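Two complexes follow with subunit A in common, the first pairing it with subunit B and the second with subunit C.
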Partner chain A sequence: MTAVAARNAAEISQRGRLRHVGIRQCTEGIIEWSLWGLTMLSVLTTVAIIAVLVWESTGFFTMAGHDDVTVWSFLTGTTWSPLLGAEPAFGILPLVTGTLLVTAIAGAFAIPVGLLTAVYLSEYASPSTRGWLKSALEILAGVPTVVYGFFALTFITPYLLQPLSESFGTYNAMGAGIAVGIMILPIVCSLSEDSLRAVPQSLRDGAYALGSTKFDVTAKVVVPAGLSGVIAAFLLALTRAIGETMIVALAAGGLAQLTANPSQQVQTMTAYMVQIFLGDAPANGIEYRSSYAVAMTLFALTFAMTWAGAIVLKRYREEYE
Partner chain B sequence: MTTIGQEIPIATRRRKDKLMLAACLGATTLAVTVLSVLLLSIFVQGASSLSWSFLTSFASRKPAQAGILSPLMGSLWVCAICALVAIPVGIATAIYLEEYARRSRLRNFIQLNISNLSGVPSIVYGILALAAFGRCFGAISADDPLSLGDPDGFFYLQLPFGRSVLAGGLTLSLVILPIMIIAAQEALRAVPPSLRQAALALGSTRWQMVWKVTLPSAMPTMMTGAILSMSRAIGEAAPLLVVGGVLLLFSVPENLMSDFTVLPLQIYNWAGRPQAEFHKIAAAAIIVQLAVLLAFNAVAIIIRRKLQRPLQS
Partner chain C sequence: MSHVLMDPATTIPQAQSGSTPTPAPAGTPPLAVEMRGLSAWYGTHQVLQSIDLDIAANRVCALIGPSGCGKSTLLRWLNRMNDTIAGARASGRLSLHGLDLLDRALDVVDLRRRVGMVFQKPNPFPKSIFDNVAFGPRLHRAYGRTDLEELVEQSLRASALWEEVKDRLKKSALSLSGGQQQRLCIARAIAVDPEVLLMDEPCSALDPRSTASIEELIRELRENYTIIIVTHNMPQASRVSDTTAFFDEGKLIESGDPDTLFTTPRERRTEDYVSGRFG
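For the complex of A and B:
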């Protein structure tokens, strides 16, 4: 590759002499501005997302004939029944607790398993074992989320949960939560492993020289040294869990209720949006508009978590070497 | 650090050490078991429904006759559009950020913005795309669209895009753009600075350096990143569901304005039904989907092995 580059470089110097300098500078300018324009597309995307969400949510809160729907009642209301009954209620708390319940179950599964697997990969496994396990995790990371939803519905709930207790219905928070946990496991694992492996070998050697066992080295030196990266990995994985849609739409059920009981069905914010966009809700009706306010809440929540992750990485990073 | 090796008796420390190894091994075994059970359970459920006619027939109300022709072709169209948009734009953005932009506040802001975008739930992109592509922000009424070309021919466009395959492809390109940018940036960063310095020292302009030196060196890594982003795109269902991918369709796309469905949406549709027969064909469709994904990954690995020679810095 170096030879090719050198040849190209020689060719460039040849041609550069032939071409008029003014034209060249002009082309360079055009290219730089085009690249800048394409870069701005990603900024524009963020601006457009926020604009659409704010605009449509404002439409929801100021809708004529629904004076009882305010930002305050939306954020603190404990009943979410937009489609049922004569008097629809828009209190987002059941959707938020549903989302958090599924996310908590996912985290309770994926964080310990993912971190321990990461420790195994980075501290214990031989290079060949590590290679095999990494490709297995890559497969797991590539599986479409709808497949995990199907797995929750046709395997986790009927074969793992229902034999344990009669109380688990076809749709429940536990099955969906475990499936989401399996989905975020590769994220927790590979990102934590990256940050554990970035800890310099000299730190480990120093601890061993002081007479540490492998447990001491791992738990008291390596993990604390890589902690900022590990926590950022957790936050990123939980953000993915909050925004996960197809698993919960398939396996968590469709009843928005304020419960912490994992055997019950819950509705998450994303699952509600699926219900609305798939259903026949009229495009100007209040229930259709409400999905934008839910999306706004979801966006705010995930955005805050991504920021938190970036801050953890930046502020608490331990720099070595 | 002072507590290490003092106070605690060696037997306790050895026991802790063994427990730690057992816990790590246990967790790893669990992760591998989960993957095996997942693949196995899907294979057992779906293998019997796989056949040639399953790949070449349309959906049906009778599970025994149903096939995945429309979603298969839909996935192909949507992914092709997505690749044509997201890969060039992603590489261009990465080039600007890595090769042109000075270390400024604006650059930091754009970088932070990209990492934030990669954390946005995909269904939110669907909402943006519905407003932007599906409805042109309300600027053009769907009842009175601007059309170009013959509705039955291949070259047909109309604004707003509505529920078309073009809207779907553009939606997915929004979803994977941040992933593509980050992958391309990493590829560019791996190119040794000495190559750039050599090109510049020989009098090349910045773009000549990028086009002739940096890009060729970074290409294999970039293509691997592109394929991995595309494998993310091919599995996405949520944003397409918002933009208007159809759950049940009896045609294949003929032009950019055709209705479409994709494999994950078809799987969602069948998996959501209570009858066990539909679960079987859902599992069969999942096998096809996973086979496509494995093929993608295999290509990525081959590119990585064959083309990526280590660069000496």
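For the complex of A and C:
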């Protein structure tokens, strides 16, 4: 009796199992394909953006009636005045130097402050101090960039910079650069801290056991061991600074000029694009098309930096193995 | 019950300081480490209960016992590595050549120069072989370049690694094998001229051949250093040590000459442990 029942149970179970296997294989397939499809969405978007940039930039360089605009003159020209005068000039260098000036100021502020904050958080702060300091940094990371732009314009420039020197105008590279620096500070800080905390405790113990002070351990073991991660953090933060738009559009000014003087106003690549797309440039005019070429240049620059950051990060992952 | 490993009459006078071991009567090695009623806690959990143990200078002392018996904690009090652990505290007496190691005001940086440590898992810094060995000396003194090179060479010779690495001192220490890395860590500890070397299961991550070379090295190093080694490997304790101390549940059960301890232990628990009946 028992044996018969067991056999029947086995048979029924087997039928159910076979049916179930069929359903399972089917749902697994659907899940896999939908995930693939969603992944492809972001790949396609990237490809589409690049395609539009290349297409429109090509249109800019081959536009009828503007034979003087070539890739070479665009990349090496030192005058950028697409909207003024009878003869527009499209030399991107003032926009590039404006971008780099603001980025350099931001980096000069955010890199040392961010790294030292990361060192404090990772090596010195007690868990509770680290907890609330990290929340404070997260709040900083959540501030909309337009607020930073506003802050640069209404606080940094009039209350910090202009009292120092009368040469600072309302719009200047310094104020915008400092605001961008504050904006990228949480990125520098949290990524650097991650890489410092990833340094194995056994290395700290080894250094302490040789008679190191806390500062010795930090400066001679932890920071060197986490250095490639820290450098990757710098690169990613600088990439973010180069692409920052709202702060510079508000606070850096609108005059594209080839200068290294931080008290002067400068125009960045991103700010120029804002000016074109928010302004009343005719949709098929050369100045409208020029913004695509500028975007292409900006994209190449940030892509190169992201790539460099990825290479450095990869090296750092292998370091403890 | 006291476990004094030497004649109590020869106990060294206290308050000795400096790095020279106190001379002792002929035939008896001077004392390096002395513990009296040493108890230790992590928070409210007591890990060591009133330990009395003396460790002679220029000898190898092996600490054995099941996991969690407190032997690593003991080691970490000897160079105050427990300072990095919140809630670690100790009472009783623990001294190194008369220096009170439980003194809160003790200069732990100087202590750790005098008491080197080799860890369970080799932990070379991700730097060159040369920079690993030169790390300690660079912290403590200003050396000329030639002096430093000589010191690195001598330290690597002392840890029997020189011949294998002399042509690649600038290479990363992480390119070495596990056994070589552990000998590099020993060289790194030796380079600051310690009096005592603490070894926390130094061979547990190594293959038998590397283990044999480290054991041989330990036997040779005791000429110059007092060595205290924690090990789970009982044949190893009996091969390398001059004194073996057996711990269980935070108590020192028995200590003495390894031949006696492993063949005719006084205590039942020791016998059970060394014969493999528990632990």
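Everything that follows uses one rule, which is that the second predicted complex is superposed on the first by the 291 of 321 C-alpha atoms of A that agree within 3 Å, B and C clash if a C-alpha of one lies under 4 Å from a C-alpha of the other, contacts with A are read in each partner's own complex, and residues count from 1 in each chain.
The rule we apply is simple: a contact is a pair of C-beta atoms (placed from the backbone, for glycine too) under 8 Å apart; a residue touches a chain by one contact, two chains touch by 3 or more.
Quick caveat: nothing in here was measured; it's all calculated off a predicted structure.
Contacts of A:61 after superposition: neither subunit B nor subunit C is touched. Applying the stated contact rule after C-alpha superposition, one finds that A:224 touches subunit C and leaves subunit B untouched. Once chain A of one complex is fitted onto chain A of the other, the partner contacts of A:250 are limited to subunit B, with no touch recorded for subunit C.
In the superposition on chain A, contact is made by A:205 with subunit C only, not with subunit B. When the two complexes are superposed, the chain touching more residues of subunit A, out of subunit B and subunit C, is B. When the shared chain is aligned, subunit B and subunit C each come close enough to touch A:216. The intersection of subunit A residues touching subunit B with those touching subunit C, taken from the two complexes, comprises 207, 210-213, 216, 220.
Every residue of subunit A that touches subunit C in the complex is listed here, in rising order: 200, 202-203, 205-213, 216, 220-221, 224-225, 319-321. Residues of subunit B that touch subunit A in their complex: 1, 4-5, 13-14, 16-17, 19-21, 23-28, 30-32, 34-35, 37-38, 41-42, 45, 89, 92-93, 95-97, 100-101, 109-110, 112-117, 119-128, 130-132, 137, 174, 177-178, 181, 195, 198-199, 202-209, 212-213, 216-217, 228, 231-232, 234-238, 241-242, 247, 264, 267-268, 271-272, 279, 282-283, 286, 289-290, 293-294, 297, 309, 311-312.
Per the touch definition, subunit A reaches subunit B in the complex via residues 1-2, 4-6, 8-13, 16-17, 24-25, 27-28, 31-32, 34-36, 38-39, 41-43, 45-46, 48-49, 52-53, 56, 112-117, 119-121, 123-125, 133, 136-140, 142-151, 153-155, 182, 185, 189, 207, 210-216, 218-220, 236, 239-240, 242-246, 249-250, 270, 273-274, 277-278, 292, 295, 298-299, 302-303, 305-307, 309-310. Those residues of subunit C that touch subunit A in the shared complex are 79, 81, 84, 109-113, 116-117, 119, 121, 123-127, 135-136, 139-140, 174, 185, 188-189, 192.
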